[in-house]
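Notes follow the structure.
Labels run A, B, C, D and E following the written order; every chain starts at residue 1.
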Amino acid sequence: MAGTSFAGEPKFLDLLFSRRAVPVALAIFVLILTLCVFAGFIAPSDPDRMSVRSRLTPPGADFWLGADAFGRDVLSRLLYAGRVSLGIGLGVALISSVIGIAIGLSAGFFKRLDGALSRLIDAMMAFPDILLAIALVSILGGSMVNVIIALSIVYAPRIARIVRASTLVIRELPYVEAARALGSSTLSIMFNHVLRNILSPIIVQGTFIFAYAMLAEAGLSFLGVGVDPSTPTWGTMINEGRQYIDQAAFLIFIPGIAISVSVLSLQLIGDGLRDAMDPRLAKEL
Amino acid sequence: MPYYLFRRFVGMLVVILMVLTIAFVIVRLAPGDPAALMLGPEATVEDAAELRVRLGLDRPILIQYLSFAAAAFQGDLGTSIFFNQPVTSILAARAEPTIFLSLFSLTFALLIATPIGIYAAYRRGSFADQSAISIAMLAASVPSFWTGLMFQRYLATELGWFPAAGYGEPGADFLERMRHLILPSIVLGIVNSALILRFTRASMLDILGEDYIRTARSKGMGERRVVLRHALKNAAIPIITVIGLTFALLVSGAVVTERVFNIPGMGNLVVSAVLRRDYPVIQGTLIVVATLYVVINLITDLLYLLVDKRVKY
Amino acid sequence: EEINVAIVGEPDTFDPMMSTKDVVSIVTQHLVETLFTFDDTWAVAPLLAKDLPEISDGGKTYKIALREGITFHDGSAMDSADVVASLKRWLEVATRGKGVADKIDDVVATGPYEIEIRMNEAYSPLLSLLAFSNSAAAIYPEEILGETIDQVVGTGPYRLIEHVPDQYIQLGRFDGYVSREEASDGAAGARQQIADEIRFLPVPDPNTRVEGLLSGQYDFADSLPAESYARLETAEGAEPMLLKPFGWPIFAINHKAGLLTDLEIRKALQAALPIDDMLFAAFGDDNFFVVDGPLYPEGWAWRNDAGIENYNQNDQAKAADLLKQAGYDGTPLRILTSRQYEFHFKMAEVAKVALEAAGFKVQMDVVDWATLGQRRNDPALWDIYITHSPFLPEPALTSMYAPTSRLGWANEEKDAILTAFTTETDTAKRQELFSQLQGQVFEDVGFIKIGGFNALMGHKSGLTGVTPSPWPFFWNAKTN
Amino acid sequence: MPDALVQVRNLTKSFSTPAGKVHAVNDVSFDIPRGSITGLVGESGSGKTTLGRVLLRLIEPTGGSTIFDGQDLNRLDARELRDMRKRMQIIFQDPVSSLNPRLKVGAIVAEGLVAHRVGTRRDRKDRVVALLEEVGLQADHMHRFPHEFSGGQRQRIGIARALALEPEFIVADESVSALDVSIQAQVLNLLLDLRERRNLTMLFIAHDLSVVEYLCDQTIVMYLGKIAEIGPSQALYRDPAHPYTQALLSAIPIPDPARHAERSHLKGDIPSPLSPPSGCVFRTRCPMALDECSRTVPPPISRGSHHESYCIRTEARYEPTSPIQHP
Amino acid sequence: MTAPVLEVRNLTVDFRSRHHSVTALRDVSFSLGAGRTLALVGESGSGKSVSSLSIMGLLPRNGEITGGAIVYRRKNGGELALNGLSQRAYRNIRGAEMSMIFQEPMSSLNPLFTVGDQIGEMLMLHSDLDAAARRGRVLEMLELVEIPAAASRLDSYPHELSGGMRQRVMIALALVCNPALLIADEPTTALDVTIQAQILDLMRRLQHELGMSILFITHDMGVVAEMADDVAVMYAGTIVESATAGDLFANPSHPYTRGLLNSIPRPGRDPGQRLVPIPGTVPSLSAMPPGCAFAPRCGWAGEECRKPVVLEAFHTGHDVACFKTREVAGNA
């Protein structure tokens, strides 16, 4: 007989924070996010203001995080660039989730669509992400919007696959059958029962996609096929900084650290969410 | 079983057809006239028109697609605009470094990641486990080109341990060429080990929680035997499939790594092709890589069947 | 013994007639030769020709004697038939050849080793064109000529052994090569085949070229980032090589359509540009650029001061006034540039800030180089595109002066000066005409020279015999 | 039978699986009298759940029909069926997976009301409170999530959900199997109360024969997709006619050390429903099978009023051989 | 009564988690006589499995024995304190002298090894037999547990067997080294009644033939009555009553035991007669009431029930943990 202790079941937040790293990661990420969102108020100067004569000034009193090859303030650029990088990550996470959910739900719910849609998902997943993104960006042209579109196309199948798999499982669960027995419509079953229950794996996956998209954006910029280079992103900052690896290594270290820390904290948060949502792990704790 | 094989095979063909279609559509989305692109800036309008006819670009899109797909199934992926050579032969010339780079980095990743993953799962919650997953997560968070640049700079240029770039001089023998792949393989392997480590650990954790592990312990056998005989064999199955899936990751990584280390592989080719607007090459690479992925995953799935007697077909 | 040379990319052809790309010139000059070439001072010198031509008929007839005993890589001997056929093809297919084709009546063989070029008007830059390795008037055996040349057969000191695209181009010594007797002088004079093999390795990434050079993989690396200068200087096994001056960055202006067809606005543009900052941002180190207005650098015969008061005004207030006068309506100024050459992009970035300060609305179109190459052919798509050029031995080799160029810069006064300049044969008069032309460039803002810049190359310590050049060659090179 | 609310006629359901056709329910017919509880017992895999689901047309039958209050369910179109759903409901075995963990109890219980647009939001809330109280929960429970309840309480929530639309007929699929005995008794009592209060008709699926005997007026014994025996519970338990029923009954462990059951041993396991035995499906395990059993599908043989056994040897009562003697 | 094979005295087991620790077993004591069957009954979560795992030394890593003793009498007569035994020493007796059958026959066998391998492995660990001899012995065991066509089943994989067959394999596995003590944790709960009856018969037969002692864990009073010589009833981590089977069913003396027996529908009872359920639910381990854990659900409970209660002899061989024993028994 399966025993379920009901009162002792740990609370979600307790679980989320049961790994010490997770609250730290969450705090760091929220901090980064806030700083970047409010870049307009926080940044010490206009990110585009040049004072060419101060180029490559190392971090110090004038420029807290140094100045780049145009003598622009790295800190200000970092914050504004973060807005774009995080924006791309978030945009991709959201759009790919929406597309993925739409495809995955339809495939999981309508047997007739399933064959074609899951083959489509398989085929899309067969393209390595960077490769597909490069091809798409090179064809759409490099702008922030296009990078978001391209990366969303790349990552949507991943969400779709998860959604489809979970949908197939959930639609067979007794509570869905109960809903059908009650006469609920397919649409209400889809949203009230299926979507509501796969939201957590999607959120977890979304966090990871957020992270991967930021890495991918940096990769695309590195390869010279990313966002148009006059828009600062952390990726373009690294790419620009590469040339000064000798005189001004901070130019690639600082955005590199910004990316790595953001991606790391996102992954930690994703892991934490997953652990918190996985009842098996919950029991083990 | 034969029926299952047949079904899987047909499924694979359908996916490959889908891959072809997607690649065709992607490239057709490209703005501009492919003929004008091929001829370059100095071409006249008449030249372009003539070329369009020659390439069949004036025919209805469906016909174009069909002949493209038919040609592709016969191994003809078109002609490179830049090199004016068949895409297949260009790709064939780039296959060696990419294949070996992938193999080496996968081997490297497996050698590093599996034992650590197993150990971490076995001693879950311990300091060793925590450090292993932290390092793995960190490794997965650092852009691989960044790692590549650093390794190149410090391990190759400064310390001279490895060649900094390239794929050996013309006529270099096999060993020499492979020597050039060591450092890139490590760079690429790092990201993969992160993934494989976490995956190994996770599936090992799953297995260690299974009832039959408790049964094994109740038989009075040593922990080593429990882990290596009873758990590992079961954990190996999901690990095999994830290796198939990492192929895409490897190729993605290869694009960046080959670029950093200037290795004349398919990844480098595709970036150059993008910069050269050489659409047939982009298309061909997409198709070849995706097809390989599909085939590799079919193989790992079949391997899975061989190892796991439970799977019914 | 072999020399490994890291070049910036993969040449798209081995037929130098068909391309104006520098990588193509660098590689193919080892394979094929032209009738003439340039010496160290960029004076024209004979190569396959026996001597400089006899020019008669008021500059309209060039009689060129050919060297005897020259063999092609396929073993056949070179004679006037080959030369005539090659030149005719050049006039038909090469960009620079097509540019002069209408001035040339005929190319005829007047003996087994003598040809004549007959023209309908005098055109003084012709010799330089024949000497140039860029869109070169290369000499091939008559038999292989066709619309495209599949197998490059030339008379050069090296021949192609193997080409693995994106990997290497392997050249081997051509044993049948007959060198000139004179002492080596730039590309002219004796060409010694010291190395057994020369390998060109396409390495698109500049940092990788630096790392490879420093780690000893390359004997020579072309086009290195200025930032690596200090590292190369202090490094053990490698040395920097500065080509000083190399060339000049250019803001090419669209005179055919758009905003800049208005002279006032062009003047505003000229006034607003902060040349110092642009160059400093682009090159970073005073070693690598000069803020210098004249179209030719110090030490060149073509140098003069006409119009340079308009250079480097850095006066955004004045520019704003000019814009107001012109009734500028806020139409965006479209700057087309690419990051293939990082300094283009950086100059554009700095320029953008200054132009915006002056009241321009600026739209940056950053595309890849290939796209830029296409887009600039369509006047509807851009107002400024950024490019650069080496200092060419003959001003007329720069096409931008001509009304037929893609800039479409035309005005009666300038066109008259240009015609006089290209038909005049007397050197002193030509220099005078050129200073008038330069004056026009500034006054009518035909295009904008930003300054002068140097190119950085690097070589392994111990490599000798390579002279700094926009198109470095390796036949006299030696390693030890 | 007088006033049957549900008449099942030749109901058949087979599933196509990669391994072949599974005959889960095979030509089953019976009636459920209005206001009574009918028990359905059988071993795991015998097709009880499937029968419950096709009967409600939650899955489409392969053949046969269910006549509910005179209407053939299989003739109804999608809209009519949805309306009909108000009149018949189902309660599931697993109290965990049968409640959506992301919905609050209030929303779960109100789902049917929402689906059929019954009443206003306020009305529905009142209904939910009343329902919760009827099944022994409290009004403020509606704001909690299912995981905050014990197994027995969750089962009550499932029952409240099923009652919301005031159905006449309920299929309870192993509704107490997952509960501890002390809780199981609470739920069984609740079901009995409900029947009395609401005159509910119920099909009660279980594998525990003692529970069925306790609760049900009529009992159906299923084996491998077919009915083995059907009859009023009292008669069937006192005088089991089918050898399978006899074996089942004798296998029940009785909580009394003094009354050791005399075991009838069934050989082996239930055969695969992919390839059921010919003739009588039970013959492979039957201690009294004859050659003839492999040839004829046994017809129902009456053993009294409404008591039928599907065995050609129903007259020959099987006498168990006493197995091992205990110390 | 013979000397007990196993004696558990005041066993207390805690589970730690990051935030708190819960006590899953509290002062659990029972003893199992040689050749006898002791049934441990109780509802889900009452601590039956934790008890058995403590004896086997297989507690999950977050579980810990924090008090009490487990004494095992070896085949050779020596006494062995199992708590605090080194893993190495444990390994020698696990499988060889005491072995265990688990509830889930589906998942308790390793899917990737053949049945023969898995049973043979036991012999490999605990005997000197060579491969051929091991195979012979395994075959013998399979025949002993009445697996039809045993020889052909040797090389089967678990998924090729039905649940009942798998449970037989588990039994063969547990018994192949002739253990003195067999712990069976709900071995028939997952099985159908007819199969359950087969397995119970089999276990009884084997006990007669092989003479081992069985600790039989179940939640089914019917099965207890079938199998047990002695019974210990668990509730919320403690033993509330223990007696011989006959005594317990005849004179249930703890209110919980009585409630349990009253809430079971028995075959042949009068129709319409209502069951008497125990009100309320089992308290969770993290929210135990003070004193008697059953008090909140108990009709007899009074003030004194808030004080700690211990298991005391009610009469010979019949221990009860209740302040109201006499009232309850008198009411019987």
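Operating definition for what follows: contacts are C-beta pairs under 8 Å (C-beta built on N, C-alpha and C of every residue); 3 or more make two chains touch, one makes a residue touch a chain.
By chain, UniProt protein names: A, B = Peptide/nickel transport system permease protein; E = Peptide/nickel transport system ATP-binding protein.
Everything numeric here is computed off the predicted structure, so don't read it as measured data.
Graph distance from chain C to chain E, where chains that touch are one step apart, equals 2.
With centres computed as the average of Cα coordinates, no chain lies farther from chain E than C. The geometric centre of chain A is 50 Å away from that of chain E, both derived from CA atoms. Centre-to-centre, using mean CA coordinates, chain A is 49 Å away from chain D. Note on chain placement: the centre of chain B and the centre of chain C lie 41 Å apart, centres being C-alpha means. Chain contacts: chain B has residues 149, 153, 259, 274-275, 277 touching two or more partner chains.
Shown for chain D are the residues that touch two or more other chains, namely 150, 180.
Among all residues of chain A, those that touch two or more other chains are 1-2, 6-7, 141, 224-225, 242, 245, 284. Partner chain E is touched in their complex by these residues of chain B: 210-212, 214-223, 230, 233-234, 307-310.
Considering their complex, residues 1-2, 4, 6-7, 9, 173-175, 177-185, 188, 192-193, 196-197, 199 of chain A touch chain D.
Chain contact summary for the complex, chain B toward chain A: residues 11, 14-16, 18-19, 21-22, 26-27, 29-31, 134, 137-138, 140-146, 149, 153, 209, 248-253, 255-256, 259, 267, 270-271, 274-275, 277, 282, 285-286, 289-291, 293-294. Those residues of chain D lying in contact with chain E across their complex are 43-44, 150, 152-153, 180-186, 188-189, 192, 207, 209-211, 213-215, 233-234, 237, 247-258, 260-261, 263, 265-266, 268-270, 323-324, 326-327.
Per the touch definition, chain E reaches chain D in the complex via residues 43-44, 148, 162-165, 192-198, 200-201, 204-205, 208, 219-226, 228, 245-246, 249, 259-269, 271, 274-279, 281-282.
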